[in-house]
Each structure stands twice: as structure tokens, then as C-alpha cells.
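Sharing a structure with you now.
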Amino acid sequence: MSGNLITSNIVASYGSARVLSGVSIDARPAAITSILGANGAGKTSLIRAILGLLPTTEGTIELDGIALSGLSPHARVAHGLGCVPEGRKIFPKMTVEENLRVGAYLSNDKEQVEAQLKKVYQTFPRLNERKLQFAGTMSGGEQAMVSIGRALMSEPRILLIDEPSLGLSPALVRESFALIRDINQTGVSILLVEQNVRQTLAIADYGYVISQGTVVAQGTSEELQNDAEMNRAYFGIR
Amino acid sequence: MTKLFEAENVSVRFGGLQALDGLSLEVEEGTIIGLIGPNGSGKTTFFNTVTGLCRTVGGRVLIDGENITGLQPRHIYQRGVSRTFQRSRLCLSLSVFDNVVIGRQNSLDLTLFGNLFRRRRFVESVRENHEQVHALLSTFSEPLAARIFDPLHRLNMIDRRRIEVCRALIANPRLLLLDEPSAGMTPDETHEFMGDILKVRSDHPRMSIIIIEHEMDVIQRVADHVVVLNFGKKVAEGTFDAVVANPWVQEAYLGTS
Amino acid sequence: MPARKLIASSAIALVSIVLAAIIVVSEEQWVIAAALVGALALSFGIAKTSAGQDFAALLQNSGPWIALLIPAGTLAIGLAFHEEHFALMMLATVLIYSLACIGLNIQFGYAGVINFAGAAFFGVGGYTAAVLGNTGLPSLLILLAGGLVAAAIGCILILPVLRTKGHYAALITIAFVLLFRSFLEVNHTLGGPQGLRVEGATIAGQELFMGIEIGSFEASFYLNYVLLALVLLTIFFLLARFLEKSWIGINLDSVREDPIGAAVFGVNVAYWRIVSFVLGNVLIGIAGATFAMMQNFIAPSNFTFQQSLLMLAIIVLGGIGNLWAVIPAAILVVVVPEKLQAISEYRILVFAILVVLVLRFRPNGLFPRPMRHFRREVGQ
Amino acid sequence: QEKETVKIAFIGPLTGGNSATGLGGRNSAQLAVNLRNADPATKYRYELTPLDDECRPNVGIQVATRAATDRSVIGGVTHYCSAVAIATVDVYHRFQLPVVVWGAILPAITHGNDFAEVHRVNGSMLDESEVLVNFLSELGYKKWVVIHDTTDYGSGYLKILQEKLAGKDVEIQATFGVGADQQDFSAELLRVKEIDPQIVVFAGLTPLGVRIRSQMDRLGVPSQFAGISGIMSVSYHEALGNLAEGTVSVHNGAPLESLPQGAMFVDEYTKARFAEPPEPYGPYAFVATDLIIDAVEEVGPDRKAVRDKLNATKDHTSIAGPITFDEHGHNSVASTKYVAQDGKWVRWEDSLYAKGERKLTGL
Amino acid sequence: MAILLEYLFNGALLGVIYALVAVGFTLFFGVLDVIKFSHGDVLTLGAYSGLGAFIILQFLGLDIPFVGLVIVLAAAILVTGLAGIVIGQFFVVPMRGSPAFNILLMTLMIGTAIHESIRLFVPNGANPKAFPALLPRTPIDVGGAYLRLDSLLLLVLGIVVIVVTNWIVRHTKLGLAIRAVAQDGDTAQIMGIPFRRIVLATFALGSMLAGIAGVMNGIYYSEINFNVGVLLGVIGFSAAVVGGLGSIWGAIIGGFSFAALQTVWVLFFPELSGYRDVFAFATIIVLMTIWPTGIIAERYSERV
């Protein structure tokens, strides 16, 4: 089994402002784990900390028993992290196809890369149409597709996804949730940050609720869904 | 009711791509139009065209019957059009106040003489503007209003979104263009945010709004009239219920059938 | 402001002035080296300690009276060393370069209009002073003319500068400064490579080349130029400060940060770029004219690309956009190479290494520009 | 008992493209000071204050002011570059610092003013160009192309050459002004090749001269090459190797070896183990320093007295021959003709070329 | 006719040298958006390292024609590559996040330190130095025009180096990584790209280009001095920008245009040859006004 990501008690700050104060989560192998919480709760910061873009001052991060803390971001990625970052972060002055190829930077198997590329194009036909368009000139939703496609190119063991549905049309939101499920079905673990609580809980196995940099609740999706208090306090579901 | 805004047969191309294809759209004074459509269907491009950031290859855009096609962005702004951006465009190194007050171009004294040599008057106008900006920010969030002189880069996404809307609202535009204002917010936050926008508008009943959203709850709640785009063409329009009932919309946009 | 903070800030101001005085006046290598180390420590202190931050806030947010620190400091140094020709000349040079760099700051620091041709516009001011010098025009008028001619010549570049961005815009001004110097050297109407003599300034009937004598007080004539430069610097410093803290300042900042976004909110981007470029060049031109009068002589080799880079180095080392920072940085860039004369041929190397080290440890300059706010104005 | 210390300023380009000559000058001036200090008979102890003018007028003015306003400095050995020297005369006059120019040869430095403070030991372009013109036209070069640098030095020289050639049976077929830091001359030289003159006369300094000479070879320009004192440095040979052979030139003053005390200078310079060679203008810096020291010894460390003493200099013996300051403070120097032969500058009269054993080209 | 051919040929050679420098600049704009103003001085360093290697070879008595060239080139590449890595590692990477302008000033001062060190610490460093003839100087006659074999070989060498560089940047994974790092370092890292290593690789690569250009320059002019790089740097920068940043073709076109501008002016107005730089730079300003993002315009334009 692989793709088991465990953070224990991680603490991180921007300057003097603490954003994560002892967050422990366990993203189980081959499962979909969701991170929920209001704006500014620290979800993105958690992802950045896992990736090594935000230095942690305390706590440890482990992927399948390998300690990631202290490694540089690219080294962590080499251990099997994949990522759809918040805000897309596509490379604007590269074409769509080049963006996808950057996603496969760590893979040395050419054929494998071509096959993967084909798969992404199948999933997002729009990208196939626009292979040679500069990614920076794509529409908001199209850029989201590039970003997701790029993460798929690396065939990670665990995929960290930060608000994939942002800016996508309702149909595409559905599709992307289905896609996440499909990816997960192939054995890839998923750590999913979302605002779209209902759909997230519908596909996730387990969830954490973060508020002000700490985990305030956790449980299986069902438990969370059924917790009326929780729904009111954190998800705004009435 | 009087017609405030009209787009006639507007076409925009990017190289080989027809981003807007003979799009026509009318906005009555005081109404809210919901603009929806699949990703890449040309919604943002339409906003860019109206605000003078994209060149048209055909058609006209009119405000109050005046042709504004091809005018520079700042001239269009002077005719009462303001907007938010899908990807926020704020000056991260400036304070909240500076970012919002820039929206009041028309009522600021911009002469060298006034700014350099009539400092007393300038300080007075700072007070006035501060009051206005503060009041507007307070409508959206008291804590945010208290941070009026904080640098923008310390704020989170939702506060930034609020500031963008405040910047667009501060000059009481006649036509407000909102590009996915609720993206990235929880349903709760979205609800509150839209409520705040409507609250401001209630003081300016003649203000018209075009809002791009993928969140159907929002469209249902605020839009008087909904227009659906695909490949730069209008493919459906009508009330929310009528549009949502359209089979094409169900299939290609909502993905519900 | 509570008394304790006020005392701490006054102490910092005093230390700064003393350090400046030591660097400008002293001829002892070790003393200067120690003062430089002290200045660097001060820079860290101002950035990192709370007393330092209070001081920075005081400089930034107080009323216009705070600008009096400049004449106060300068006069203290100038009067204390009123017989030291060389020290006073260095002092005047620092003030003149500060003036020019305030111009550059309006262009680059505020509006983001890059100008690698600072030395060229400085030169235009100087040549204007040279040409008008023996027409009998009043000197102050000539100084003003220097600024206006610099601005006018700058207008040739407006179209290209408006059309280009970033590195491309940089090239326009680089090409201009190279062209300017090359032109002066091959064209003999303005003295060719030989350069021109410049009449000294005469203000209110007083020839500035005559030292002041009042009773037993005898001062170097360079004190006159210190005073002239000081008056100019103080006036334009104040104006630039007003400019920053005004609606125009906000407009310029938004033009720099996001021209497209600004345009959508009615900001006349092209207009503000032009205004900042022209205003900046006026200041640079006036500074150039003052400099030429003081030096009595100008030649094309004063106005090279390297010289432009040194001027830009002043605003970068100080902290882009921070008016106050210009003065210590000008001292560093103008005075230190002179003080290194004792190590003759090694001085440029040592200076280069010094700048590299400063930047390495203060990557955003010695005193980065603080954010503008109006707390005082709205009574918070 | 302790001797009183007297400071003498040396100013020249110690950094930048002309620093080779500047450092040679500084060393030579230092040598003069050292030799005097070693002599127990001197009344004062001398100290040299070297200052760098970077060959830039603005810097020059600054350091000149610095030297002139330092009351302990009694005299100055100043400037190699004419642009700087001409810019600073006012400063020396205003602060009444007597100076002796050691390298700049623009006539106007001494002749463009009547400042009693300014002297020059090293002759001027007028002296030098006269000899050049006669030398080349006597050799039979009637068709010239002149390439000059666009600094005061090169273009000033061009002007004087044109004046001197007026009425002579020599045609300047073309002139080219080139930048002081220009690298490539293929455009100019191909044009020269088309014109095909008998001789290319270059008015400028060594670095450019080296480039032009080597690019003439690369492009197959067959003309003879001539330079002026600016190219007469050791490095001309170092940088060109065989290509230097046959270049003709002129230089202010007689070769050191031919002078009674020249050998002494060479000797002492070598003994002092300076890192840089003296270069051709080093001896003049030595002489200028010596003159000032002599004056101080005689009239004491008083600027006015030293100035007057210097003005009265007449047939003062020096390693560069007798020095006499005319009413402008200028010392005329008889120039010498040279040719590059076997990696050295050789006096024309002593060369294999004059003997007819080797031939110049272009004739 | 023959002379015209000579003009063309020499103009082309000049163009190649300019282009080689310009390509280096283009690379650095690529990473970190830096104008690396020390580029010209690194070129000088390359030339002097080559010369140093040659002197050592001579001292050892290993004076073999083509081997000499290879070793000289190798030495230049090695030293400049190392210098590039040191500059990148200790002075540029740590400046990440500070304004691009500060980095520019930093590299400028490093460049100054490099050429000042050469002037001070190379024996007689202020004087020009002869550069060895590492290639055969056999004259060849092409339609009556006088050319030399070494020039021809240099032209070929220059073109090969540019083509190889272009290939690396456009068609290899390293190139892809370089461009990714340039646009967004953080995101490149989370794609698994080792940020620091790629930046340093770019610095090494760009500096090696400068090293090669330095040696070529030395061979071509048979002479080097501590100041060569300064002017070549400015010209290379101009060429890169006029051509259009971000495109190697732009750098090449820029290099050749600049050479052409200078040559053409002297050709048509020989008596005004002093004005050639005035003309060249004025033309550049005009060109930039017509094509604000270079002759090969940047295809990418920001969208909102």
C-alpha cells in the first residue's frame, strides 16, 4: 500500500502570524481525504507546508514512512507528491502542451509520458484543441483544466488538490469530482481541499475540518455529514 | 424602463479563435443580468470588450445610446462602467484604502497644484474619502474596515474579493460587471457576500449589474434575467427558471441530464 | 508620540547625522571604515528594532516639518566644517545627487518608468547652464532652464518609453544615454570631448565663488553651494513628499503596479507616466545645472552610462521609492569612492565589493519604502 | 631632529583603461620622492599623495579640489589625460596650488590661460606633430588616411595635423573618428582598403592602436602604419608581437638611454621593484616631482614661493633633458622619431630601416 | 564586388560575436528575469582564462595547433562556468524575491569586481594582451575577396554554438525546466524541478557561452584587454532586446542588425564614421518604437 501521508503537529507562520498551530492529519493509502474549513482557515497553508513551500517550525510530515520534513519541495515531489495548487499556477508563457510536459518532468520514460499525455487530452478535449495556445491566455476554467491535467502527468502516489472546482462550470465540477474518484480508483491517494462541501463529502472517505490553523473536527464523511452542529458552524449548510 | 446598455452583434477574435461571435445583449436600468456558460465560452472576454480591454472585429457597444466601442478603458470608466476581475487585480504593496480610493478617480483632485500646494484641502479630502471608503467596507465586513490602512498582501482571498467589489462600487457606477465574485467561497460566505452587494445596490436602485457566475444558487437569487453563452454566441436567455429548463443548458452546462 | 519614543528617535537622528558627518568630513581610513560599519548597523537597527521602526514611522508619517531634519543636519555639518573646502564640496555633491535621485525616484520608484539615462538628463542640465552661463541671465533662472530643457529633451523619448515595457523600456533609455555621450563627443558645437567652462552662480548679487566673510567668520565658497543645493533639495524633497502622499501618488503607484487594472478604473496611465518622466527630468536637469555651476566645467565623460548606473545605484541601495533613503545612499555612492583614494587603484574594486555586500545583506536596500497610509490625516 | 613633512600630490588615472600609464607615472613620482628622502641632505621629508582621476573630468575636479584645498600639499604632479588637465586648471589657479603636468599634451592646458600655477614638462602636441609631419612626408608618404579617437586627444591631434599639412604636398584622403573603447574596426578598415592610402596614421592610445594594427592585418590592408606618442608603450609590442614590426611613431623628448641620467632612472626604477613598468611618460612624472622638490628645497614649503620658483625654471637639468618653462609654464620638448623593430621602439636614426636593411611598406 | 563580399563576411562575423553575447543575455532573462550585467565581464574572464591556459601549455611545451584550441576553450568554459555557478549560488539565488533591479545592480557590481580584479591581479593587467593564433590564418581567396581561414572557422563555430544552445533551450528537458523556473519558481519546484540546480545550470550555461565568446573574440581580434566585456555587454544586451527577448532567433537577428547598422553607416558616411554609434542607437530607439517587444515580437501578451 502506498500514498499514506501523515502530518503530526505541524506548526507554521507567515512572519509573526501563526497560521498552522499543530495540525495532525492522516491521509490513508488509496483513500480520498478531505480538508474543509472557512476562508482563511489555513487549508492552503497546510498544503504548502506539506509541499515544503511554507517552512514548518515544529512537527513532522511523512509519506509512506519516509520523513519529508526538511526536504526541499522538489525532493518531496520526487517521493510521490502531486499537486493542483491553489490559484492554478500554470506557466502562462508556455503552451498548454508544454505545461503538461513540465508535469511529467520527473518521468524518464518517454512512451509513458506520451501515453499519459493522450490520456489527459482524452479527459479534457478542450486542451487537445488548444495544445499550442499560451496557457496564460486560456479562460479561468480552461486554466483549471491545465492545472489538473498537469498534476496527472506526474502519476503521483498522492495527489494534493486545492479547490479544483473553483471557476469550473457546474457540469465540469461534476466531471472533475468524478475524475478525482476515478483517479483514486486507480490506487492514488487524494488529499482534497474544497469549498464545495456537499460534493466533497459525497466522494471523500474521511474528512478534517480546520479552523484558525487547528483541526476542530474529523471523521468519516458520513459522520461529518450527519453532524448538524458541524454543518451549521463550518459549512453554512442549513 | 430605459435601456442603459446595449451590445449589438459584438465579435472578438484571438488569432484563429472566435471568442465572441455576433453577441447581442441589452440591459435595462436597474436590472441584474446573470451571464453563464461553459468554460471558455467568452464571458470574461465580453467584460473585457465592454471595458475596452479587447478590440472588437465587429459590432458596437452602446451606453445610453452612445457608441463606446473602441474607446479607451478610462473613457469607458468615465461613462459609469466598472468591474471586478476573475483573477483579482489589486496592488499588493498598497493599503486597502489606496486600493479602493483609486476607484474614485472622477471625484479626486488630480491637479499638480491642488496636490502639492493646497495641502490643507487635500487633508480634508482625505478625510472625506476615508469616511466613504470606511463606510462601504463596513457594509461588507467590520473587521476589514478596521484594517483600512493595512497592506493588502496581508489579507486573505475573501477580503481581497470584497475590496475588489468595493473598488468597483465606490464610484456608484451605472453598470457594474462582476466576474465570478463568489468563486472560492463557502456557500455561507457566498450568501452573505451577495447579500452585502445587494444591500449597497438598494441605495442605488438604478444601478445595473451583469454577473458572471458558475454558482447557480447565486444566479437564481439575484438575476432578473439570464443569458447563456456558448462559443461566443448567445444560446439561450430568459428568466432563471426558463433557462435552467432549457435542455441544452441542462446537458452541456449544468450536466444534470 | 510618547516622550520616550521621541527621545529614542531624536537619538537615532542625531547618530545618523554624526555618522554622515564623519563619513563626509573625515580623512582617516579607519574612522571612515568604522563609521560605515556603524551606518550598516544603524540600517539593520532601524529595520529590526522597535525604536528603529518608530523612527522610520516618524520620518514617514510626520507632518512636513520633519523635512527640516535635512537643513538642520546639513547646516550642522556645513557650519562645523565651514573652512574645509573639500568636505563642503562633497557635501554639496551629495545634496545635488540626492536631488537628482529624487527625480529618478519619482520616475522609477513611483510610476515605474525606468530611466537609465539619468546621467544624460543631468548632462543636459549642465550644458544648458554652460550655454546660458554668459548670457547674463540670473542664475536661478538658468537652473530652472536646466530643468526645463532636460524635460523638453526627455520628451523625445516619451513615445518610445510609453510604447515599451520592462527591459525593452530600459533599452530605450540606455540607447539614449550612449547616443547622447557619443554625440557630444563627435560633435564640436558644444565643445566636443573637450567640454565647456561653466560660469559659477551669482545669486542676489553675491558671486558664489566668493567665500563668505562675516566678521571673524570665514567660510569656504563651497559653503555657498552647499546652501544653494540645500535650498533646492529641501524644496523638492518636500514637494516630492507631498507628491507621494497625494492622490497623484496613489495614481502613480497604481500605474506602476498594475497599469491595466488602473486604466479600467479611469487612471490615465500614459498621462501619469509622462508626468512622472517630465517631473523627474526637471529635477535631474536642475541638479545637473547646479552641479555644472559648482564644478565650473563639464565634459561628455561626466555623462556616461556608468554614471547613470551610479545614480540608479543610489536609489536601489537606499530602497526604491523611499525619499529619505536617497540621502544616506548618495553619501555611500558619492563619498565613499572618494574616501578610498588612499588605496588608489584598488578603490573601485573595494567599492564594488562593498555594494555587493550591502545588497547581499540588505537585498531590498538599506531602507525599504514603507507603505503609505493616512492615519495621521484621519486622526487615528 | 625630525624633518618637516611636505606633501606632494600625484594625480593620474589609476583605474580604468589608461591606468597602465597612470600607475607608471605614480611609481615614477614615488621613486623621485623616495630617492630624495633617502638623501640625508634634504631639508624636508616628502610624502606623495596619489589620487585617481579615472581620466574623467568630473572625478578630476573632485580630486584636484581635494589636493588643492589640503593645506599640507605644496605642489601637484598632475594629469595624463588632457580632458582632465584642461578641466582642472581653474581649480589650481583658484586655490593657488602650483602644479606640473606630467602627461597631458593638449596645448591649451598651458596656452589657453595665463595661470601662473600651471606648468608642463612633457611638451605638447604642437611639438610632436611637427616632427611627425616632417618625418612621414620626408619618407615619401603622400597619401594618408588618419584614424583618430574622438577624445580631445585624438581629435585635437587631427586638427593640428590638418593645420600642419596645409600647404604641404600631402593629401589626407579620409579621416575616421573612432570611439575610445571601440573594438571592431572592420567597417572603417575595409573602407581604408578601398581607398588604399600609402599610410594609415593613428592618433590615439595604445589599446586602440593595437586593435587597429591587428585588424589591418586580418583584413589584408597593405598600408604602412604610423602612430603618435599615445601608442608608444611597452604593451604595444606585447599585445601585437610580430605585427608591431615596422610601425613608425614619434614621441616627445629623447630616448632615456640617450640622456646623461636616463640610465640612472631606469636603474633605480628597476631596483625599486615596482609592479608596473614606468611606461614612456613615467620619466616626466619623475621630472615633475623632482622640479617641485627642488623648488621646495630652495624656497621652503610655501605655495606662492614654489610657484614663482617653478616659473623661473630655466635650463634645469633633468633625466629628460634640460627643462625651461616659457611664459605659459610650458616646456618645449624636441620630439624623437621611432620605429618598432624586433619588439622594441628604436630611434629611427639607429634602426635597420634607416640603414635600408629593412623596408617600410606602402611606398 | 569583392570588397562588398568582404564587408558582408566581416559584418557576419561581427554579428555572430554579438549574437553569441546576446544569446547569453536571453538565457538570463529566462531565469529570474535578471539582466545579468556581469555577462560582459564574465566574457572577459573567459578570454583571460583561455590565455592563461595557453601560457601554461606553452610553458609545458605542448604547443600543438588544434589541441591548443580545445584546451583553451575548455579552460575558458570551465572557469566561466564555475564563475557563473558562484555568482548564481551566492549572489543571485539569495536575492530571490527582491526587486529585479537590485539583482541588476548586484550583477553589475560583480562584473565591475571581475574586471577590476583582472586589471589588478593579472600581471600588467591594464594593458592589452596578445591572444594566440589558435587557428590557421591561411588566406583564402573567394571571388577576389581576401578572407582568412580562421575567420571562416570562427563563423562556423559561432553558428554551431548558437544552434546547440537553441536546441538545448527549445528541445530538451533542461530547457523546459529553465523556462518553467523562469516563470514561476515555486510551482516549478512542486512539479519536481530542482529550482536551485536549474538556476545554477542556467548560470553555468550562460556563462560558458560568454566564455566561448570571449575566446572567439580573442582569436578574432588577436588581442584582449580587461575592458572588452563592458562594451560587448552593452551591445549584446541591446541586440538581445532589439531582437526580442525570449527568442534565440531574436538574439541572432539583433546581433546581426547591430553589426549591420554600424557597418552600413561607415560604408555610406565614412567621413562621419564617429557618428556610427549615434546612428546605431538612434535606430534602435526607432526600432523599439515600431516594435515595442522586439523585432521578433513576444507572442505572449498578458490577458485579464
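Should a chain be cited, it is by its letter among A, B, C, D and E, assigned in written order, with residues numbered from 1 in that chain.
What we mean here is this: a residue touches a chain if its C-beta (ideal position, glycine included) is under 8 Å from a C-beta of that chain, and two chains touch if they have at least 3 such contacts.
Everything numeric here is computed off the predicted structure, so don't read it as measured data.
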item	value
Shortest contact path, chain A to chain B, counted in steps	1
Touching both chain C and chain D (chains)	E
Far-end chain from chain A, centres as C-alpha averages	D
Whole-Å gap between the CA centroids of chain A and chain C	50
Inter-chain centre distance, chain B versus chain D - centres from mean C-alpha coordinates, in Å	74
Separation of chain C from chain E, taking each centre as the mean of its C-alpha atoms, in whole Å	34
Interchain centroid distance [CA atoms averaged], chain B/chain C, Å	43
Residue list for chain A, restricted to those that touch at least two other chains	137
Shared-contact residues (touching 2 or more other chains) in chain D	15, 19, 23, 150, 177, 179
Residue list for chain B, restricted to those that touch at least two other chains	44, 53, 85, 87, 89
Residue ranges of chain E touching chain A (in the complex, touch as defined)	173, 176-177, 179-180, 183-184, 186-196, 246, 299-303
Chain D partner contacts - residues on chain C that touch it in the complex	84-86, 89-90, 93, 182, 185-186, 188, 192-195, 197, 209, 220, 295-299, 301-302, 338, 341, 344-345, 347-348
Contact footprint of chain B on chain A as seen in their complex	17, 38-40, 87, 126, 133, 137-142, 144-145, 163, 166-175, 195, 197, 235-237
Touch list for chain D against partner chain E, complex	15, 17-20, 23, 150, 174-179, 181-184, 186-188, 190-191, 193-194, 206-207, 210-211, 214-215, 217-220, 233-235, 238-241, 243, 275-277
Interfacial residue positions of chain C with respect to chain B in the complex	64, 239, 242-243, 246-251, 253-254, 257-258, 260-269, 275, 371-375, 377-378, 380
